[in-house]
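Each of the next two complexes has chain A plus one more chain, namely chain B in the first and chain C in the second.
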Partner chain A sequence: MFLETLAGASFRIAGEIGALLLAGSALAGLLVEGAAPHFWRAYLVGFAYFLSLSLGALFFVLLQHLTRSAWSVVLRRLAEGIAANMGLLAILSVPLLLFGLRSLYPWADETLAAHDPLVRAKSAYLNVPFFWVRWAVYFAVWTLTARWFLNRSVEQDRSGDVDLTLRMERASAPAMVLFAFTTTFAAFDLLMSRDPHWYSTIYGIYFFAGGVLGFLALLVAAACVTQRAGRMQRMITAEHYHDLGKLLFAFTVFWAYIAFSQYMLIWYADIPEETGWYLKRQSETWAWVSLALLVGHFFVPFLALLSRVPKRRKKMLVQVALWILAMHAIDLYYLAVPDSGVPALPPHPFYFTVFLGMAGLSVAAAGRCFRTRSLVPEKDPRLQESIAFENA
Partner chain B sequence: MNGRWTTADGAPLFGLLAEFEDVDALIEGAQKVRDAGYTKWDAHTPFPVHGLDDAMGIRHTKLSYLVFAAGVFGVFAGLGLQWWTNTVDYPLIISGKPFFALPANIPVLFEVMVLFAAAAAFVGMLAFNNLPLWYHSLFKSRRFLRATDDRFFISIEARDPKFDPRATRALLTSLRGAAVEEVEE
Partner chain C sequence: MSRSTAEAVPALDERIRGEPLVAQGETLASVTETVCRIVEKPHPPRAWYVAFGISAMLAGLLFAMVGYLLLEGTGVWGINVPVGWGFDITNFVFWVGIGHAGTLISAILFLFRQKWRTSINRFAEAMTIFAVVCAGLFPAIHVGRAWVEYWMFPIPNNLSMWPNFRSPLLWDVFAVSTYMIVSLLFWYMGMIPDLATLRDRARTPLRRFFYGFFSLGWRGSNRQWHRYERAYLLLAALATPLVLSVHSVVSFDFAVSLVPGWHATIFPPYFVAGAIFGGFAMVLLLIVPSREWFGLKNLITMRHLENMTKIVLATGSMVGYAYLIEIFIAWYSGNAVERFAFSNRAFGPYAWAFWTMVSCNVLLPQLFWFKRLRRSIPAILFIAVAVNIGMWFERYVIIVTSLSRDFLPSSWGHFTPTWVDLCTLLGSFGLFFTLFLLFLRFLPIVAIAEVKSVMPDAKLDRDVHHGQGDYHGDIPRQHERQFGDPEAD
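Presenting the complex of A and B:
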C-alpha cells in the first residue's frame, strides 16, 4: 500500500516538474530576446519524439490484433497505455499549431512564400489553414483509435467477452490503413516541410521506423520498471524480452535500411534540390551528428543485439533500449533542426528542458492511465498462452 | 561399430531404445538420463517439445558463430570484389562518381553478406547434424516408426562411455512408462 502511494506520488511529482520545466522554458522563450526560435525548435523536437513513440505504440497494438499474436498479450496493455498518451500530445500540439508555425516553417510566412516560386507552387497544400485541418484529422484518427482499442481491452477485463477480441481484430485492419496514411503525411507536415523545397517519398517510413524502434525500446524499459516495482514478475519472462529484443534488432536494421535507401538514391542522382538537405546535415558540426547516428543508431545496437544472450538478459537489454531511446532523440534533432541553419553543437538548453518537461507530463499521463486500469488484459483469451510462451 | 556389446541374438549392439506414451514421461526420463551422465544419446518426438533441450542438457548451438564469421567474410569479399573490378580490372566512370565509392557498394556488400551467412547456416546446420545420413540403425526397430506419429523415444548408444548393457537397461526400465528394447547395429 505504501508502495502504491509512493508510485502515485512520483507520477504526480514527475507531472508537476514536467509542467514547470515546460512553462519555464516557454516563459524564457517569450521574454529573452531572440530565444523564441530556439524554444519552438526544441518544442518541435520534443513533440515529434513523444508523438513518434505513441505512434509506434499504436502501430504495435494494431499489429498484435492484426496478426492475432498470443506472445505479446502480457505486454499489450502497456503499449495501449503508451498509445493513449495521444490525448496529451493533442493538447501539446495546440501551442505549436497556433503560435509556432511561423517560426518553424518558411511556407507559413506569406511574404517569404510570395518571393519563392517553389513554395508558391506548393501553397495549395502548404498553407496554415489546411495544416490545421490536417492536424485535426490526424489527431482525431489517432486519439480515437488509441482510445477505442484501450477501452475495448479494458472492457474485456470486466466482462471477459471473447467477442471483444474479435471486434478488435476486425477493426485493426482498416485502422492500420488509416494509421499508415496519417503517419506518413504527419511526418511530411511536421518535419519534412521544415525545408519546403525538399521532398523524399520515403520520409514517412523513415519517421515511422524510428518511432516503432523508439517505442519498442520504451516498452522494454517500461516492462523493466514495472517488474522492478514488483508487478507482473512472473508474467513477463525472458521469452518476452527475447522477442522484444528480436523486434528491436529488426527495426534497427529496418531504420538503417530506409535511411540508406533515401541517402543512396539522392547521392546517386546528385541533383541540387535533393542533395541540399544532406549537404546541410554534412556541414560543420552537423556532420558529427550524422556520424553519431550512423555509428550509434545502427552499428552499436546492431552489434549489441546480434547475439541471443543480450536479448534474454533483462539488464543487458534495458541498457541497449535506453541507448536506442537516446539515439532516437538525436535522430529527431537531426531531422528537425538543421534546416534553420543553426549549428548542431552545443545544443541550446531548451532542448533538454522542453524534452524533460514533455517526458514528465507523459509519465504523469501514464500514471493517470494505469491508476484505475489493470496492467495486463486480464481476461484476454490468449493470456494464458502468452504467459506460457516459449521461443522454440 | 564398437564391437564391445552384442544383442541377445549375437548381432552387434547399436544401443537401447525406450518408448514413452506421453511428453511428460519423456521429459522426466530425459532429465534422469541427463543426470546419469550419458553423452551419446538422443530423444525422438513427432513434434517439437518445449523444454526438451533443457531436460536433455543440450547446450546452445555453435552455428551462430559460424554464420557470423561467414557474414563478416562476405562483407569483405563483396567489398574486395567491387574494389577490384571497379578500380583495378575494369575502371569505368559512372555518373561522375569516384571509381571506388562506398555508397554504391553497400547494396552488393549487403547481398554478399546475406548470401555467405545463409549458405553457412544451411551447410553448417547439415554438417553439425552429420547430415545427410543415408542409414541409421534406429530404423531397424519396428516400434521406432511411431516416432513420426504418436510415440516418444529415448535412445542411448552403446558407444557411450557410460554404457553398460545391464545398468543402462535398468536405468531405462526404471523410467516411468518406458518400454525398452535392444537395437542392433
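Presenting the complex of A and C:
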C-alpha cells in the first residue's frame, strides 16, 4: 500500500536481478570446473551475513518488548520486517543443507572424518542428519517467532487492542531464551565447525554481537531510505537517529570487547590447538583482512560515533552505518573462509555476485512484506511517546 | 511538548504506564522528610542496634583473624600444593562481583533511562564501595608478607623491583583501584545535593559542620544543577566500561592460564554477568529490611523490587547459559583433560559444591518467572540469600576443583578449609554490614533530589517525554525539530 506507488516496480526488479545473479552464479559454479567450492563458500558468507542481520532484528524486536521501550516504537515495524526475512533465509538454507555440506565442512565427509580421531570424537554432534534436524529446529523457532511478533503487531494496527502489547511483552522473555540458545548453536554449526578441531566458548556471542551491530546499521540505512522515499518524515526524528547512533557505538565497543576477549585469551595461553585458527587468519593475505577488521570494524566507527554531532545528522550517520555494514561482511568473510586454505585476496567474483543476489532477494522480500502492511505500528499505545521522544 | 498537544493525547492505559515510581500520597516535602528523618532521629530502630552489634563483632573477628594470619603466616589457612588459592581469592572475586550491581544501576541503567533506578541507586552505590573494601583486603593478605604490599604497585624504588606487567594479577591492581576511585567519586558527587539538604536542616553545630563541609557549598542554583547533571552524565559514561572491565580483568586471572576449567574464552562476559547477578541479589538482601526499618516503602515500592528480581532472573539465566556452553564445549573440544575437568566438577569430590552452585544460581532464580514470587518478600529474601551462596560457591568451584586436579594425577591434592578460613569469610561479611549500617545511619540513603524528579509533583513527567537527564531545570524545547529538522537533512 505505502510503497507500491513509490517503488513497487523497483522492489520487483531488485528481486529479479537478485534471482538472476544467484542462479547465474550457481550455474557457473556447477559448470566451470573447480568453481563449486568457491560458490559454496560465497554462498555460506552471504547466507551467514543476511541471517545475522535478521537475527539481529529479531533480537531488537524482542528486546524492545522485554524492556517496554517507548522511544523505538516508530522503528519497530522496520525491524519486524527485517526479522521476517527469516522465511526467505529458510528457503535459501535448503540448497546449502542439501548440497553444500560436503564441500564446506570436513566433518561431513565420512572418509575424511574416519581418519581423524578428533572429528570422530565429536561425531555424535557433527553429523549430517543431526545437522539437518538442528537447522530445522532453528528455523522453526526463528520464523515462527518473527512471524508471530510481526502478525501481532499488524493485528494491533487494525484493532488498536492494548492487550496485544501486553501479550507481546509476556512472550518476549521466553522467546529471548530460545533466541540465545538457537543463535549460539547456529553459530557453532554454521561457522565454527568449518574447522572442526577448533573451539571457543565465546563464539556464539561474537556472532551475536556482529549480527546486532550489522542490524542496527541496516536499520539506520533502512530508516534513511524510507524517509528519502517520503515516508515517516515526521515520525523518525534526529532523536531516534541519535539513539540508534548510541546503540551503534555501544555494539561497536561490545563487538570489540568480545573479539578482544577471544583473541587475548587464546594468544596469551598459546595452546597450539587453539592458536591454529588465528594463525591461518594472520598468515599471508589474511593478515590484511585481520588488520582491516581491527581498524575498520572497531577504530573507525568508534572514533566516528564518539561525538554527538554525527549521531544526530542523518547524512553522517548513514555513512557510518554503510561502513559498518561493509565491515560486517568482511567479518563474516574472515570467519567463514580462511579454514579452506584459500588466499584472502583477491576475493573470487562469486562473493560479489552471490552476495548481491541474496541482497536483491531480501530487498524484494522486504517490498513484499510492506506492500500490505503499514511502516509503523499505527496503534501501539506508546507510539505518541515515541514520536515526541527527545534526548535531553 | 506543549501542554495542549499533551492533552490531545489519550491517557495511557494503566497497564502500559505501570505503577507509579513513588507511591501516591507522597509529596516533595514528604520525601525530604522521610529520608532526612532517618539520619536526624536521635535513635535508630532497635533492629539496627542488634544488626550493628552482630556485624561489629564479626568485623572484630575479621581483624583478629587477619592479625593471627600476619603473625603466623598463610599456613593457618587450608591452602596447600596444588591448591594455592583457596578462600582468599574466592572471597576476593565474590566481593568484587557484589560491587558490580551498584555501578550497573548508577551508570548503565542511567544511560538506558531506567527511571526506577533513582530510589535504589544510592544504596547500591554504597554497597559497591563497601564490597570493594572487603574485596581489596584479600589479595593484600593472601601474599603473606603484607609489609611489602607496595611491591605490587609500579613504584620506582632503589631495589629496582618492578611488578610483572604481563601478569593479570597486576592488571587487577589497576582495574580494582580505578574502580574504587570512580565508584567513590560517583557516589560522593551524587550525594552532594542531598548532603546540602541535611546541612540546611541541621540543628547541631557538629552536623552543620560535617554536612556543610562535605556538601561543598552547594546552593542549588541553576548553574550548579546544570554542571552537576553534565558531570553526572560524563561520570556515567566513564563508569560504564568499568562495569565490564573490572570483572573481565578478574576473569583473566584464571582464563589466561592453561589450567583445565579455567581457560575458556567466554570467561570475561560470563564473569560480568555473574557479578551483576550476585550484586543484585545483595542489593535485594540489603534493601528489603532497610525499607522495612526506615519506612521507605513508598519510595522503594514493589515495582522496584520486581524490576530487580527480573534483572536477577535475566542475569541468572545468562550465568546458566555460560555454564551450559562451557560444559558443551568441554565435550565438543574432544580434549580429554577439558572433559575430565568438568566431569570432575559435577561428579568428583567437590560435586556437592558444584550442585549447590547450579541449584542456587540457575534453578532457584527461575522461580522469578512467576509474578507472585517476584512480589513476595519471603521468596525474594530466600532467593537472594541462595544466589549469594551460589555465587560464592561458583568461585569456589572454579578455583578449587581446577587446582586440586590438573593434568597429572600424581600431583592431585585436596583442599579443606581451616577454622581461620571460615572465620575470615564470616568476618568479611561483618565488615561489609558494619560499613553499610553506618551508611544507613549517617548518610542520605535514598537520592532525594533524583527521586523527586520522577514524581508527578515535579511537573516533569510530561507524558510523551523521557530523556536522559533528571530535569531539575528547564529544558530547551528541542522537538519542534521533528517538523522539518534542518539538522537531520
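As a convention for this text, the second predicted complex is superposed on the first by the 386 of 392 C-alpha atoms of A that agree within 3 Å, B and C clash if a C-alpha of one lies under 4 Å from a C-alpha of the other, contacts with A are read in each partner's own complex, and residues count from 1 in each chain.
By our rule, a residue touches a chain if its C-beta (ideal position, glycine included) is under 8 Å from a C-beta of that chain, and two chains touch if they have at least 3 such contacts.
Bear in mind that the values here come from a model prediction, so they are computed numbers and not experimental data.
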item	value
Touched partner set for A:390, first chain B, second chain C, both or neither	both
First, second, both or neither for A:268, with chain B first and chain C second	both
Which partner reaches more residues of chain A (counting touched residues only), chain B or chain C	C
Touching partner for A:308 - first (chain B), second (chain C), both, neither	first
Touching partner for A:98 - first (chain B), second (chain C), both, neither	neither
Touched partner set for A:165, first chain B, second chain C, both or neither	second
Chain B and chain C footprints on chain A, overlapping residues	264, 268, 390, 392
Interfacial residue positions of chain B with respect to chain A in the complex	48, 50-51, 60, 64, 68, 95-97, 103-104, 106-107
Chain A to chain C touching residues, read off their complex	67-68, 70-71, 117-118, 121-122, 125, 162, 165-166, 173, 177, 180-181, 184, 188, 197, 199-205, 234-235, 237-239, 241, 246, 253, 257-258, 261-262, 264-266, 268-269, 271, 273, 312-315, 381-382, 384-385, 387-392
Residues on chain A engaged by chain B in the complex (per definition of touch)	260, 263-264, 267-268, 270, 306-308, 390, 392
Residues of chain C defined as touching chain A within the complex	1, 5, 9, 12-13, 15-16, 18, 111-112, 241, 244, 248, 252, 255-258, 263-269, 317, 321-322, 325-326, 329, 332-335, 369, 463-469, 471, 475, 478-479, 481-483, 485, 487-489
